[in-house]
Each structure stands twice: as structure tokens, then as C-alpha cells.
């Protein structure tokens, strides 16, 4: 339930959006010499994405309005060297280079890897950091020793990280994306996944003290982060190169990285790259690529999440319907003991929070040797919880049918079972459709609870996308619409079914 | 919905508890000379509470297994001066001095105020920090200028802070406790509260950039934090005093505090207190006070939270029942337009997340001039949401009654309205009791959502207590039992009512 | 008192009445006879406004109910008309339709206290005397489902009479009654008639019809085949169809 | 075929039957008559095991149902006994109890196809011929709530007969029927009797009872006051109470 956080943010952002409407200024000086502009105005505008950006750039948890991170300190040092102040420009990570081209800010510095595919659109400075990723496996598992061994395995990682991107690029890997840093290691210990692939510091913190886990292979996927500027800003890039050189030589860069626990021997390589990795080009940028980042490109991911939500909801509702029916029938017609058991089941499952039930299923059962997959635990947890509610609805429905109907069926030689199946339940169904529809719709939303056990459903997808793009409000509306889009057809279908089952002599 | 967080923690802690069972060692050398023990073993055991402890001691959000905070650095410096290593001992804040006396650790250093009431039980060193709290009000509000002016006002603060304790000690103040740092200032702007009273740094970050708010008065409640040791450890205390002196003189203390944005001129006063504020006493400690911290003392707070949950649930259920009935009746008997409106209401309120509805009520309506209290917004939000569900249940109930009943009533001269009230609804009620009970029980748990709008109900109370005491698992069980304790009597009553309303010729 | 003018009604495009006329004078006792499915119950339900019809109008005590295809049909007006009609006209259903959640006594006093505003005490004493009339005083505190079929039928009659209507519509009032009870109910109805009550009864009990009625109407497939005094109808039927229908009674 | 031995039953400590004995021979047609509330319906329901009783036993076709206070009462056994009894004994209820969610045709074929395992096609052709017998073939695809009272009654009879029972219990089968229909149903029942069907009928229609039955049982307050041939009972009643009850019929 990231709800709270999400919506605190979305409301905040709504307010931000509104104030932006008042104070918005479009930067129309995009293509003048940026270095000159920076020096004359005394302000360096820095583009970055603060969400999910620790330890790069992130909101200080104790003072959420304050940004911290090694890149914040790096940019501060750069600005100091330039003799200017820093102005922050928050931008969705995915569209950061587009915004840079459009002229929203002067430099983009936010863990942007120096790769050839970016060469046509922006200019990079010399690298300022060498990054790497680490594999963690179970101590007893000898199968995985290199990144290549991850193929065909189930690997956990964190969302919005280089590691995740690397895994997805490797292909043939089932990637489990977590938002918490504890859960992937827990699932690894429980053999639910085969390996964890994350930033080395995280791997060290969690896996090293745990005797069940071990780090294997050298940190992989070494690469370089550079500062991106617009292609025409060669002067700015050269100035930045000089500053990086200086910060390296004076040891200030090392100090900053050490403070964040990020300094390692790999960083020595920074000294090797006195020239930018990429050659300057004198072409002017193509203006054709200035597409504003659109929400529609997030739709596939949201729809995938919605699909998971629908899948989980439908399967667990099926379980709830079946089990609920059994519970209702044993409660009504069973012997004293069966009645007591089903009554107890109903009271306990209704009376305790669903989340506790999910946790016991997913993290508790492994203690007695039953390790369920996240999907199975989600279906079981939701289904068994809702079964208690459905049982009561069915009981009410069955009890609303006049006894004469059962008597007529029995006197025609039907068994109690057959009478229930052919005569009572079909009539009861119509009365139970509206409350069942209620529950099914509520289930769509309750199913977001399963995100705690590493399932990426709609709310989780929203959360991932929103924190990656900062589009909380727009995405929030789309997500709400998607939820509505699930429940409304269900309502319509239920209404139609109800009409079809209409018994003539009932009230309107 | 702090659920996720809470239960991630509670499971973590369950595991911690279990491992503690394996590795637990009881410190049986409590009463030997602690300074000697520390020096001979080379380990200083430090007691603290890491939850809700920013910027004192807290889990680094990027590496949750790592502790950070200015006190961590301070203790590191002290240990370095002593020539020993630090061993961490997590302890509930409320029982930290009891545990110190019991011998669980050597020093307690965790924002513990030097106050006379603690004199009989522990020994304090000279102060290591001067703390203060700041009042924030609306810029337009001239009523409050000093802490004394807060009397009779509604004041927002954060849970588990000195400011909260100060407000509660002042008395005659309605204290609103928030867990997020943004919301109190938002509520202050909306005139829902009259002032915010929090740590100066937080006040500065949030209120200074907001033209609607201003800081008034000098930072209040200035006081001193000291290191607590056992009463007999005068040697240790003197050693610590020397170290604090040294850290002050060399400027290292200032450096640590500056790094955390905690240095201010008030800290100069630290130089004035070369002697401990409290005189050493030579009495041995009384062993009689070694009571283990019991969960029962949290019960009153939990019960208070449960009361709020029950209150909110009952009131909003009453609203849901009333409004749901109106919706069901207009949907069944209203003219085309009324039918459409109530159908749309039902579909929209069922189809969209409750949290969005709550946010719009509480933070959205003020934009059009309607400012609801948290309590009113909670009741309205939950009630209006559940009304949509109840409406469908009532419709099903009404439709299950044979038309002959209405016809008989009409032919006896009753109006449609009277027939509905006296003949149809009483019969429908019985069928609607089980699904209504379902919803009422679900409401108990859904009502925890209102904690986002500064209501302290059961889940929130749990969250506050658990983070204050680290008793996640025990308190979690108690909380689940309390929820069960609310729903079970309701179930019993519903069953009794059902039996009373039993119509003879129905199925069992 | 009740005038049915050119009544046309159809169920699912299946015509039942095709321009039916009938006048029921104040104080008369009209029995509707005819084979099953001929439209007796439907005609009674139309008179009480429980069933709408397509054309024609029914006037009760001067209050006019129009068919929904008529020009004079006015939805707002219907509401008021129905209220007035139903205050004056009681109805006893073939399936009784007692209120299962109320005791016999409460079934009876419900409408007098809530519609007419009669005091609880007065309504109860009225109810008791009505229950005595139908020999059910000892079942006053039973629930409908604890009663036999005939007992339920008699409660339904008492419940209708408690509203002191000016006209009563009975749908097969004697079908669940034993012969003795039929006598009793007959006596009750005769009493009512002597007090000027207009009564319409759908029945299969020819002897009951011939005993009690001033007019007999013979219905077949929604048409009035014959309308006359019991003597004319039962002992001198003009119509062959009628004669065949009555053959068993005539034996 | 049906033997009732020392039957005692009470409702809420209100005794109804106090040691009742009755033997119903195979192929006989027994009518139960008596005032409303005398226990006719209850007696029928006991024979079909729909109502439990405190003492005595009822044996149908050799299958014995014991009172719940009897030593021989065995809950597990009851289940099997009931199944056997109900396969052989059909019942038509006073309130019809048609299945409202099924068409007339489906009401009739439901049990034959699901209990007896007869094919859909065969069950349907049986059903159609039964509907023809009760003159309702054109209502085969209507729902019960679209039928008149008499039509529902006839469907209920057809539904029971579709199970080809060896004995039939009718609770006021003619109460909603018009005189012609009574003839028809009588003919149906006579047919059944000639095929060896044992029949028990609770009725208020004395002429029907005297026409059709081999035995007449007069019940009053749960006691059998008289038991004999129709001739004896109707034309030579020994009992004063009976004579009073029959006075109207005798007229």
C-alpha cells in the first residue's frame, strides 16, 4: 500500500502544477551560448530526477524539501568552480535528454551512462563516476558465477536501476522487480529467486552479514556516468571537463564519494579519461526530436499492471466463490462440527487484517516447509479472505428463498444436494449478484495489497512509473480510470445478468 | 496506510526476535566498574532507539541496515577517544533508562533530556546538545507570539518528538499528531490548526519558503541532552565529560552538528557547562525498579485509537446506511433522471479508490471554500464511499421481496412510501444483514485510511507506539486482536438480530 | 359505483380484454365466473389499479383511471386517483399475501393505524371483533406461516375489512375454506351487503355465487359472454358455452 | 400401502395429533375432509416426511419413518427412507410451489431428467402429453408468474405426475380450479386410480370427495372422527359434528 505516499505526492504535485501555471516561463534562449548565459546570469540550471534517485539525487528523508546525494554535492562543487549558483530542475528521468535539448536546463547530470546511442543527440563530458553491479546468490548455490550464468534464471533487482536495465538487456532472464531493498534478499534465501543483481553497496550491506548468501563474481557492467550538455555547447563541456579534472586532482571528488560510501578502486579509472569518451561534433542538433514526453508511452506498462490486477482478481474471486459456497453450505446444512468450523473460519478471516493473512501465507508458511510463489500466495490470500465474505452473502441469499421451494423439490424425489443446486442456488444467485459485484469491485482495489509480496499489479506499476517520471497526477488519473475501467464493465455485466435472472413477481 | 511499512518491519523484527533467541547473552556483569569493563573488552555498548529517530539515530534509507545520525557520529567519536569499538543496542525509547539500569548497555545516548525527575535513577554527563522547538503560524495570524499563547489552540506536531511532549505538558492544548512532515503545514495554511510546533530545522525548511506562514517567537523549550550512565559509573561519566570537552574545543562536535544542519548559536552554551548539570551522588541504585517493559502500558493508547476507529466506523456506517437507502430507493423508484444520478453515483464511488475520494474531500474542497475538519472529512469520505456499496445491497434486498407484498399493502390504502417503510424494508432487512455485517467489518479496517488526514485511529496508534517502542510483533498481535474484538461482537449481534427477524417459511 | 368502459388490455401483445364494458351498481354483489385463465383476477386487479391497461377507462366512485394509450392519461393524476380508489376499495388476494413479519393482529391493525390514523387501542379492538367473526381470535398472536391455508385466507379477509372499505374485491375467497367457513364468510359478506357494501367476487364456487350475488358475470377469454341475475344465469343460461361450463354444477 | 400408526405431533407444545391411526390400501383413493386447521395438510406432509413428528411411525411401501421420540428413530436411516418414500410418492401443494426461475416445461422435466435419468427428449414428450391432459400445452414456455392461479395449480399436478409416482398426495387440488377443470382433474385422477395409483386428497369440495374417493376420513382438531365410504359418510353420517359440518353440502 504505497497509496498514502503516492497520493500525498500527487496532491503536492497537483499544487505544484497549478503554481507552475502561474509562474511558468518558457526558456526561449535555449540556443544561445550556454556557458556565456550561465556566467552572465550567475545561475547553472541542473536537470535531474530526484525520485528513486538515492544515492544520486534524492529528497532528504528528514527534510523532504531538501535535496541530497553525491550528485548534489558534485553539482555544488562544479557551480562553485564556475562561480555561479545552482538552480534545480526536476525532470522525468526517461525524458531528461529531450528536455535538455529543448532548453529546459543547462546540464543533465543524473547517472546518465555514456553510451554510443546517445551520441547523436547530446554531448558528454569526461566521466565523473564508474558504476558497477553485483550478483548475490545463496551460499549453497554454485550454478551462478558470472552475469552470463543468470540466463534462464529468476533474478531479483530494484526498480529504476542500472542493474534492472542490464538484466532486461541481457534477455532470457525472469526479472523480479522489488521496491523494497529487504525483500529480494528474503526471497533469495527462500529460493523464490535464484539471484539478486543490484548496486554493489546494497549487495554488501544486505548479503555480507547473512551467512546464507554470498556475493559472486566481480562487480559487473562497469560503465561511466557523464554530464550531458546540448551538442552545440562545446565550450561548456570543455569548461566542465576542466572542473572535473580539478576536482579529481584535489581529491574533492574522492571526498564526496567517500562520504557516500561510493569510493572504490574502480574510480581510479577516472584519471585515465582525460578526454571525453565521445568526440565533439559540430553538427547542430536536429530540432525534429523535440517531442514533449507523452503519458501514452506509459500506457503499455500500466495496462500490463492492470492485466495482472485483473488476473489476480478473477482467479482469487473464483476461489472465493467456490470456497465461499462450500462455507455457506456447511454453515447452513453441515453437522454441528462443520458448522462450527465454517463459522470460525468466517469470523477469523473477516475479523483480521488481510495483510497479516498475506504475510503469514508468504513469509510464514516457508517456516513449515511450504514455499508458495508470489502469485499463488496472492491468489490464495485474497481468495481465502474474500471467501469468508462471500460465504455470508450466499447464506443470506439461500435463506431468502421460501422453504416451499425446497419442499417441492424434495417431494419430487430430489436429494437435498440436487435441490440446492438446481432450485435454491439459481434463485438465490439473483439476490447475491449485487453484493457479489460490490465485493468483486472492492477486490480490484484490495488486490493492490499483494504488491507487498513482489507482485507488480496496477497500483505498483503506477507507483513505479510515477516515481520514474514524476507524473503523479496525470498517471494517478489514468490509474483511477483504469480501475474504473475494470469495475464498470463488471457492473454492466452484473446488471444484465440480474435482468436475465429476473423473477417476475419480485419488486421492481 | 502504513500497513506495508509496518508489516515489513514486523516481519523483520520477528526474525530479529528469533535470532535474538539464539544469540542472546544476558549481561551479568552489570554492576562491575563499567569504565574498566569497556576498556578491557574494548567495546562500548550504546543503547538507543533508531525508530523515528532522525536526525538522532536512524536507519539510512538507502541502506536500511546501516545506522546514521549525528548521535552515531558523536558516539563514534567518543569511542575513538576511548580507544574502543561501539556495539549497538536497540532499545525502546520509553524503557531506555530501565534497560540501562538493568545493565543491557553501558551508555544511553539518544536525545535524553537532562531533567530532575531522572536524577534518582541515572547519572548524566555534561550536555552534548542544546535543543529547541519553534512555533509556526499563519502569516496573517497575530494571536500567537509565545509558547504560552498556544493554550486553548489547536497545535500540530510530529509524533514521538520533544515538541509533542512539551505541548502535552503545557496542557489545555488540542494536539494534532502527524506522521508526515508536510501535512501539519498544509493543515495550518487551511486554518485547520492554529499553529505548528516542531523542531526548528523542520520549521525552517517548510515554513520559511511559504509566504502564508511565518515563524514566531524565539525557539522555545531550550534544554539539554546528556549521556546517561548508571549511577555508580562516576568514573565513566567523568571520562565522558572530558571527551565532550575535547570534542567541543577541537571543533569536532561543531563539525558533526554542522554536517547535520544542527549547529546554531544556542550550541555555544555547551561551553558554559563544564560540570554536569546534575551533581554526582554516591548512592547505589535501587534494584527494585528493574521492571521489564510491559506491553500492557501501551493498551490505554491502543484502546483510545480503537475508540476512534469504532467512533468513525459507526458514524460513517450510519451515514452509509442512510445515504445508501436513499440511493437504492431513487435507483428503484425514482424518475429516469434520479435513477441515472444514483446509478452514476454508485458506479463512480464504487469504481474509484477511496483514498482519492478522501483527498479530494480534505485537500480539494478547501479550494472552493469548504474546509472540513479531519473528523468530518473522515466520516463523510467513508460514509459516502460505503453508501454506494450499501445501496446495491439494499436494492438486492428490496428486489427479493415478492411483489404481492407491495400489492397487498397498496390495496390496503398505503402509499408507496409507507408500503416500503412498513412492509418491504423490514422484510428486506433480514436478507441484507449478512452483507451489511460484511461491510461494517471491512469498514473497521478501511477506516485506517483516514490516518492520512491526521486522524489517530487504531492502526495509526499502533504505528506510533510500535515505532516508539519497537514492539512491532507483540503490538501487531494486540492490534489484530483489537480489530477482531470490534468485529466479533458485531457478528454476534448481527446473527442474533437475524434470528429475531427470521421469517418462518424460509430455508434454514 | 364501478364503471368499466371499453377496457382493453394485453399481456406481451397477447390480447386479453378487447373493449369490455361493465357497470357495478352501489350495493350490488357481482360474482365473476368463468374458466381458468379467462381474466377474472386480471379484471379485479384492473379495478384496483394494480394492473394498468391500454385503452378505455375505469371509474370508481367518480374517480377515473384511464388506459395508458388514452388521451386523458395523466401520470401525475393517476397517483392521486389511485390513492382515492384504494382507500375506498379493499381487496383479498387469491394467494393471501399476508405480511410474514407481523403477527395476525398486526397484519390487521397495520393499515388502519398508519393510513386512517386510528388509535392503536381502537384498531386492536376492531381487529379482535373481526377475528372473532372469522373464528380466529385465538390465533391473534401467531405469525402467518404458523397458520393453515384456510386460516390465512380468513386473516386476509379480516385485514381488508378492517379498512372499512365501501367496496370489496374478493379473488376466490372461498377456495381454501371448508364448507362451514364458506357459510361464515357468506354471512360476513351478506352483513357487509346489508350495510351497503359493493362487492365483486371472482369464484369457482357456483353455489356460493348463486347464493350471495345480485349479478353474475360469465367471462370467457376476456369477454363477457353473459351478465344477469343468478337465477337467469344458473337456471336459464342462454349461451351454449355457459351451459357446458355449468353442467357439473347443474347435475 | 401407507400405514399410520399411533401418530403424535405437536407444534410449539400445542398438540395436534394425539395417537392417530390410519391405513391406506394400495389403489384406494382417500379424501381427507374437515374444518380448516384440523390437520389435513399436516397429515399429508407427515406422510411425505416434510414434517417430523414426535411419536408413532408411518410406513410407506414398507419403508418406516419413526417419530423423533421413538426408540427406533435413527437419523442416518431416515435419510435413505425419505429418499425411497419420495421417489414413490408425489405431492401437490396448496400453494403450488412452482419453480419461478423455470418455464412450465422445465418445471415438469426437471425432476424426471435429473432424478430418474430420463432423456431430455423423452421427458419433454411426456411433459407435453401431461400438459395436454391439463389443457395447458400452449403455456409450455411461459413462466409460472405469467399464469393464472388455476393454470399454476394444473402445472403443479402435471409436474408431480411426471415422476410417475405410485402414490399421490394432493392438498386441495381443486381449490383454484373452475368446475370444468375439476371434471378434468377428476378424470385424470380416475385414470391414475385405474392404473393402480394410491391417492390421498385433502379437500373442501364435498362433491368432489364423494365423486372420486373410495374412503373418506373426517378430521377435527387432529382426530379422526369418522372413516368410511363416501356413501356412509355423506349420506349417513353417524357423528353430530360431522352432520353439522356437512349440512351445507347436504342442502
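Letters are used for the chains, namely A, B, C and D, taken in the order the chains are written, and counting of residues starts over at 1 for each.
Just so it is clear, a contact is a pair of C-beta atoms (placed from the backbone, for glycine too) under 8 Å apart; a residue touches a chain by one contact, two chains touch by 3 or more.
This structure is a prediction, so every number in the text was calculated from the model and none was measured.
Steps from subunit A to subunit D, minimised over paths through touching chains, total 1. The distance from the centre of subunit A to the centre of subunit B, each centre being the mean of the chain's C-alpha atoms, comes to 26 Å.
Taking each chain's centre as the average of its CA atoms, subunit B and subunit D sit 70 Å apart. Separating the centre of subunit B from that of subunit C, both taken as means of CA atoms, is a distance of 69 Å.
In subunit C, 95, 146 are the positions where the chain touches two or more neighbouring chains simultaneously. The set of subunit B residues that touch two or more partner chains comprises 402, 404-405, 505.
If the chains shown are joined wherever they touch, the resulting network closes on itself as one ring, and no chain has more or fewer than two partners. Every pair of chains meeting the touch criterion is listed here: A-B, A-D, B-C, C-D.
Interface of subunit A with subunit B (complex): residues 1-4, 7-8, 10-12, 54-55, 58, 61-66, 180-183, 201-202, 205-206, 209, 261, 332-333, 347-348, 350-356, 359, 363, 389, 392-393, 395-406, 424, 430-435, 437-439, 441-442, 445, 449, 451-452, 476, 480, 483-484, 487-488, 491, 505-508. Partner subunit D is touched in their complex by these residues of subunit C: 11-12, 33-37, 41, 94-95, 146-151, 154, 171-172, 175-183, 204, 206, 244-246, 248-249. Residues of subunit C touching subunit B in their complex: 48, 50, 82-83, 86-87, 89-91, 93, 95, 97-101, 110-111, 114-116, 143-146, 159-160, 163.
Subunit A makes touch with subunit D in their complex at residues 402, 404-405, 407-415, 418, 422-423, 426-427, 501, 503-505.
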